[in-house]
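Below, each structure is written out as structure tokens.
Consider the two complexes below, in which chain A is the common component and chain B and chain C are the respective partners.
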Partner chain A sequence: MSKGYHIVVCGGIVPDPLQRLEPVSTPSGPALRNEMMLPAVLDPWAASALYEAAALAKKMPESKVWLVAAGPKAKLQQVMMVTGQKVPFELVAIDAPAGGFTESFAVAGLLAAAIKSIPGLDYSRLLVFGGWESASRGAGSTLQAVGELLEISAQFQGVDELAVAEDGSFTVLERVEGGRHQVSKCSAAPAVLGWATGNLAEPPNNPQVGMANMRAIMPALQKAKAEKLSAEGLSFQHVALPAEQRETRIVKDTPVDVIANEIVDWLRGAN
Partner chain B sequence: MSVDSTAEQNRQTMEADIVCVGFGPAAGGFLTELTRELAQDGGATLQSSVMPGMPLQVICYERADDVGFGVSGVVSRARAIRTSFPELNPADVPMAAEVSHEEVLYLLDPGKASRRSALVRFADTALRLLGPVLPLKDHAFKLPYIPPFLRKEPGLTFSLGQFTQWAAGQVMGSGMAQIWPGMPVAAPLFEGERVCGVRLLDQGTDLSGAPGDGYMPGMDIRAALTVVADGPVGAVGQALNRKFGLPPGNEQFEWAVGAKMVVELAPGSGLKPGTVLHTFGYPEPEIFGFLYVHPDNLASLGIFVPSTFGSPARTSYRYLQQWMKHPALAGYLAGAELRSWGAKSLLESGRRGEPYLAGDGYARIGEGSGSTNMLTGSGVDEAWATGVQLAQAVCELVRAGKPFTKANLEAAYVKRRRESWVEQEGRIAEKARDGFASGFSAGMLGMALAGFSKGRLGWPVKLKPPHERLQSLEQFYAGRISSVEIERIRRESRERGEPLHDALMDRVGFEPIALDGKLFVSLQDALLVGGKVQAAHGYANHVVFTHPEVCSDCGDKLCIEVCSGQAIYPGVNGVPAFDREKCVHCGACLWNCSRPGPDKTRLGNIDFRSGSGGLHSSQN
Partner chain C sequence: MERVLFLGHTGENGELGRAALEALHAAAGLAEELGCAFDAGLVGADVQKAANNIGSCGASSFFAVSGVDFAEARYGSDVLAAEALCRKSGATIVIAAGTSRWMRVLAGAALRLGGRIDTHATALGAGQGAVSISRWYYRQRMEAQLSRAVRPWIIVLEPGSAPAWQGEEKAAALVDVPVEVTDAAKRTSFAGYRAPQASEQTIRPDAELLFVAGAGWTKKQADGNIHIEEASKLILDFMHKSNASLGSSKSLVDLQGEGQAVLPFLTHLNQIGQTGATPRHAKGFATCCHGEEPHVVGWRFINERRAVNTNPNCGWAQGKADVLYVADAFAVMAKVNELLS
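Entry: the complex of A and B
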């Protein structure tokens, strides 16, 4: 294959998962308490997709990676201070609400429009990456809708591995029930790949990567257009966090086997 | 740092004009002022020497995973901050409010558990007898008059975390400087006596620092000016102190560990935004406390356990809980819920702990440069001011075409600082806390003397390093618990794996803390609920026991007792072990070692190095 891929990663921002989240009602619908005060991170699922994209681009000469991210501009800037140190990419920023209470099709519309507006994007080489789910929205529908809006029919969800052959075709491993993978072969781009966790560790922070990325990140943020998300037809019947279960015990010198058995017993009991 | 020659060859180098270490209020002031100048200048007179034709290239590295993690609630007159932001509307900064009401409370001991001298007990008795005619309520005496040096009105209460995030956003938004969180700086780079940049921390190592999978040597960032703003326990500031020492007569013996919380008050708490309560007297007389009320029913509260407190089992979390139980505060906190928690070391030496402020290629700003004022109880605004002063000096020198030599920085930066209110008020406060070395009553008297005489008077005392002030448990609890019983409690605590200080506090009569799962939670739950500790894989341990044989012979193990996150715990052969997954980077272990540093360059036998991660908490 002579030319690499144009890889567009769709990645939203979510509150730092180490924070305690609490839904509240507001006049404009449900929201998280103090959401704008919580530190944000790139959605962990999308982050996996970004690292996979960077690794693929490194292997495939002439490839390029864009990160299309929607979120409040100030929060996007904050997240890019960390994400920008990880891998090389060019940011396409959308100044829009983020969080778990936006409607996935509306978000997909913004993302698809932003992708279409990327200058020089070659559809014949396009791979749209993203998380197959989101840490703030478990519907798993946004990326599929992006693909539909871009008229890309080759879609894969729960991807753990992508292997590219010499002729430009690629093999995709998608998660299926029972800890198994469905193996698919695709002859060529364009395609949509919703990543599960992939196989790559989080790259270390690299100051040189950060310096290079930041030259494009700040201008992208400055020209990010403020977009509204339509909430038409959207209503929430009930909003709640999963019940928190924690039993703290301090035990010392317990053999590993005993701990393992206890966990197994607990799992059996929980089922 | 031990790396082989191949790794050394792979170490990358990058050049900048200015590299800044740490992003707190000092760096906030520095970068706010500097980036404004750069934006106005447009590269006309403030040109880069490493990228000719471009404006000065400015990079700031912050250890924590994001700016504004793991810091504290603040009340401040905000003079320097308001000078930088004349149009500042508190509503623009989350959790900020104008100071609306201020009280200083002397807390009496409701349960006769605290360690009070005869003089203090006499004063307490007198206050109780005169209670009907004095402003005495809920075992607390409200001072009818707040000395002007303590008063914060007009001022602001705010969250330092939220404020620094807001300030960082403005700096980054200017496009004139880059702030990189999650990037610890390991050490300064020296060329002879000149600082020529910094080395970032190696990644991909094991816990001892040996290269492992994915090893990436920390990059060398070479810069004409290194701005050291990494606080009192930062690795770069410590390294400079070790290399250059402190100016004659200066010493960094006065410390405190602050344990803080952000809580959500119950509706109807009776506290309005902007309310500020200062307390002293309980749970031990010399432990100061604070409660600042933010908008939206949020409040910051906490206590400071000072190094003058002689207990070898000093703890902060239990004392904080005990303080929250005091009747004068418990009413306000009824129904409140913990939202975040944190801890931090304060360098209370202030002006007297000042290191060399500038040298060839470097300048120091903020708390680590001795800017904190312990008479006024203010440090954030002072730190911000020193950053602004340095930025002005930098612009002056660059425009004049002068290099960042010691002489030039002293003429441009140190001179500005000496002529400012930071210096003048720092001088007044210089000996204000000395009296606490002789006890609580002397300490309060010394503060009053220094405050009202504008620093001309103070309590005469020769200060000692923290480890020389420590008492044995037997001395500390003399007359209250026999040495035989102390030994029994010590043994039982060890056998149960429970903190010794809890058992001792229970024994002397402090009410055991009943956990309610909301405001009163165990320390380990506070580590989970009130912010969470993150320790990225691939970094070395940052707490190192430099001479294990010293630890083996140590019976105090104060480092274990004081550790804010219980990250230091009993280890093999008497040498404490360290679990960085619990470390909140408060730095208390640095100055809470009961043994002197064997090589005389450290406060104790513990090396507090550059490290990754720490507490993730946005509301602290």
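Entry: the complex of A and C
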């Protein structure tokens, strides 16, 4: 029997974190100003998941990685031009709205349906990866819901490490309170793992990987079905940027002793 | 008519943690605002002590899912427990603390219940009889107020967003809710906790001060050299003297990926910001950190902010800190440590 995994990474797209974001209201609910113009990136924690998936697949022969991504087709294409250069995967694209104000369970429904439609996917070797929270909604609920819809009851969130043993069991480190990790052992796949940062840096661009990926990415994008997301019963009263802009007092050309004294007074609550 | 359920799990000491007591305070307050009843639902190995601790909170019933299967956090069993407690109470609004244990399972429970969930809620209330919550989007960049019509609605409250419930201890009559944990749910087993390899705990959520050590500590200084040992000593010395919680900028993997030296006591969990934590502390003090937006979004819940940076045009100067000291952090921290001795 093959020991490899079928790893499906769920990864959305988000605005580049260095961009300034501003909410606007639209007839279909809140959105971002110039949303379609903002440069997008693969959601950072989902990107960690993708790199971890690729590294695991490399270690375990006969493994395969899919990336299931829902987002507006044009944005997905833009992000795939970059992400496609990083590690080998097969894209499953869903043409749907992306963004923080969409409903997590609606997105999960699309992702789960897309996963179910992957030909030849072996559930007994399935690991569903993704980011534990998105950089947009940041709810930590989508992957759990995907797991539920696929009836997978071994789930882990805030994962920084996955170690697979000879017998197919694996050990997972999840972030918990107080700067610690919880260690869990799981007897076998299938499982859902919502990754935090993990232990791998962003891989450098690899043109060969890029070329191989692109052959499948373009058809996958062309094939992507346009889907709507429902938001039954959800209403936003308002969305606003925090008003907070501080008046920064800049202290310069001041002796270190004076600065240190002022800081210590502040720490002690004297000013 | 709404019905509110407070969901809590015990901690390692068999009691409810502070975050749970905050959620209880919020749940009891919401029920009062709505003029409706509320229940408490508790999960743990043995929850009697926890129930007695909150025995006078005014809950109509104290439901319990307990036993060895529920001693530790595990998705398969915790999701069953949460689902069973919600069904037993028949609550329309469920309030729980955003602990790692609840955050891992409550979305799954909401889906099983045909309900909805919102996490990281920072406030909740019932103006004009309709429940609404506040939460942040895009990693603390914008705040929204929202409400939902679908029930049950599970609201997971961000720790530190409400006062903790306080009250007399009183014997609570537990109503046991039986839950059968199938073998499939038990495929996972708890194997302990792993603390950072560093000799000491540097993350202290209850500390008054957050001290951020930025990547500048590990960069070439004016003399053209890197001073990791001196930086480590200054930072750890300050940590001992101030009892602060230690935060870092950038992720460790980013730093290592860039071939940079890293401070040996930092772990993933120290990271503050876009792909790190957003802790709550009364004061924050950043050193050798530029104050770029992906870092500063993690400071949303830090009240007073000061920074030391050699660069007068760093991000902190752009309205992100109250005070920016333009100075060499090595010199400043050596003096601060001396003064704190």
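Rule of thumb we're sticking to: the second predicted complex is superposed on the first by the 238 of 271 C-alpha atoms of A that agree within 3 Å, B and C clash if a C-alpha of one lies under 4 Å from a C-alpha of the other, contacts with A are read in each partner's own complex, and residues count from 1 in each chain.
Here is the rule we go by: a contact is a pair of C-beta atoms (placed from the backbone, for glycine too) under 8 Å apart; a residue touches a chain by one contact, two chains touch by 3 or more.
Since we're looking at a predicted model, the values are computed, not measured.
Applying the stated contact rule after C-alpha superposition, one finds that A:252 touches each of chain B and chain C.
Look at A:100: by the touch rule set out above, it reaches chain C but stays clear of chain B.
By the document's definition of touching, of the two partners only chain B reaches A:38; chain C does not. Of the two partner chains, neither chain B nor chain C is touched by A:124.
Look at A:26: by the touch rule set out above, it reaches neither chain B nor chain C. Using the contact criterion defined above for the overlaid structures, shared-chain residue A:206 touches chain B, although it does not reach chain C. Looking at the shared chain after the overlay, A:230 reaches neither chain B nor chain C.
Between chain B and chain C, the partner in contact with more residues of chain A is C.
Once chain A of one complex is fitted onto chain A of the other, the partner contacts of A:263 are limited to chain C, with no touch recorded for chain B.
By the touch criterion stated above, A:180 is placed in contact with chain C alone, chain B being left untouched. Comparing which residues of chain A touch chain B with which touch chain C, the overlap comprises 18, 20, 201, 246, 248, 250, 252. Here chain A touches chain C in the complex through residues 14-15, 17-18, 20-23, 30, 44-45, 100-101, 104-105, 108, 135-142, 144-145, 147-149, 153-158, 160, 171, 173-188, 196-202, 232-242, 245-254, 256-257, 259-264, 266-267, going by the rule given at the top. Of all residues in chain A, only 16, 18-20, 34, 36-39, 74, 77-78, 81-82, 85, 201, 204-208, 210-211, 214, 218, 221-222, 246, 248, 250, 252 touch chain B in the complex they form. Residues 12, 14, 59, 61, 65-69, 94-95, 162, 165, 168-169, 172-173, 175, 178-183, 200, 203-204, 214, 216, 219, 221, 296, 339, 497, 522, 524-525, 528-529, 531-532, 534, 538, 616, 618-619 of chain B are the ones touching chain A in the complex.
Residues 73-76, 79, 99-101, 103-105, 107-108, 110-112, 116-120, 132, 136-139, 141-150, 184-185, 187-196, 201-203, 205, 209, 242, 251-254, 256-258, 267-271, 274-275, 283, 285, 292-294, 297, 300, 304-306, 308, 312, 316-328, 331-332, 335-336, 338-340 of chain C are the ones that touch chain A when the two sit in their complex.
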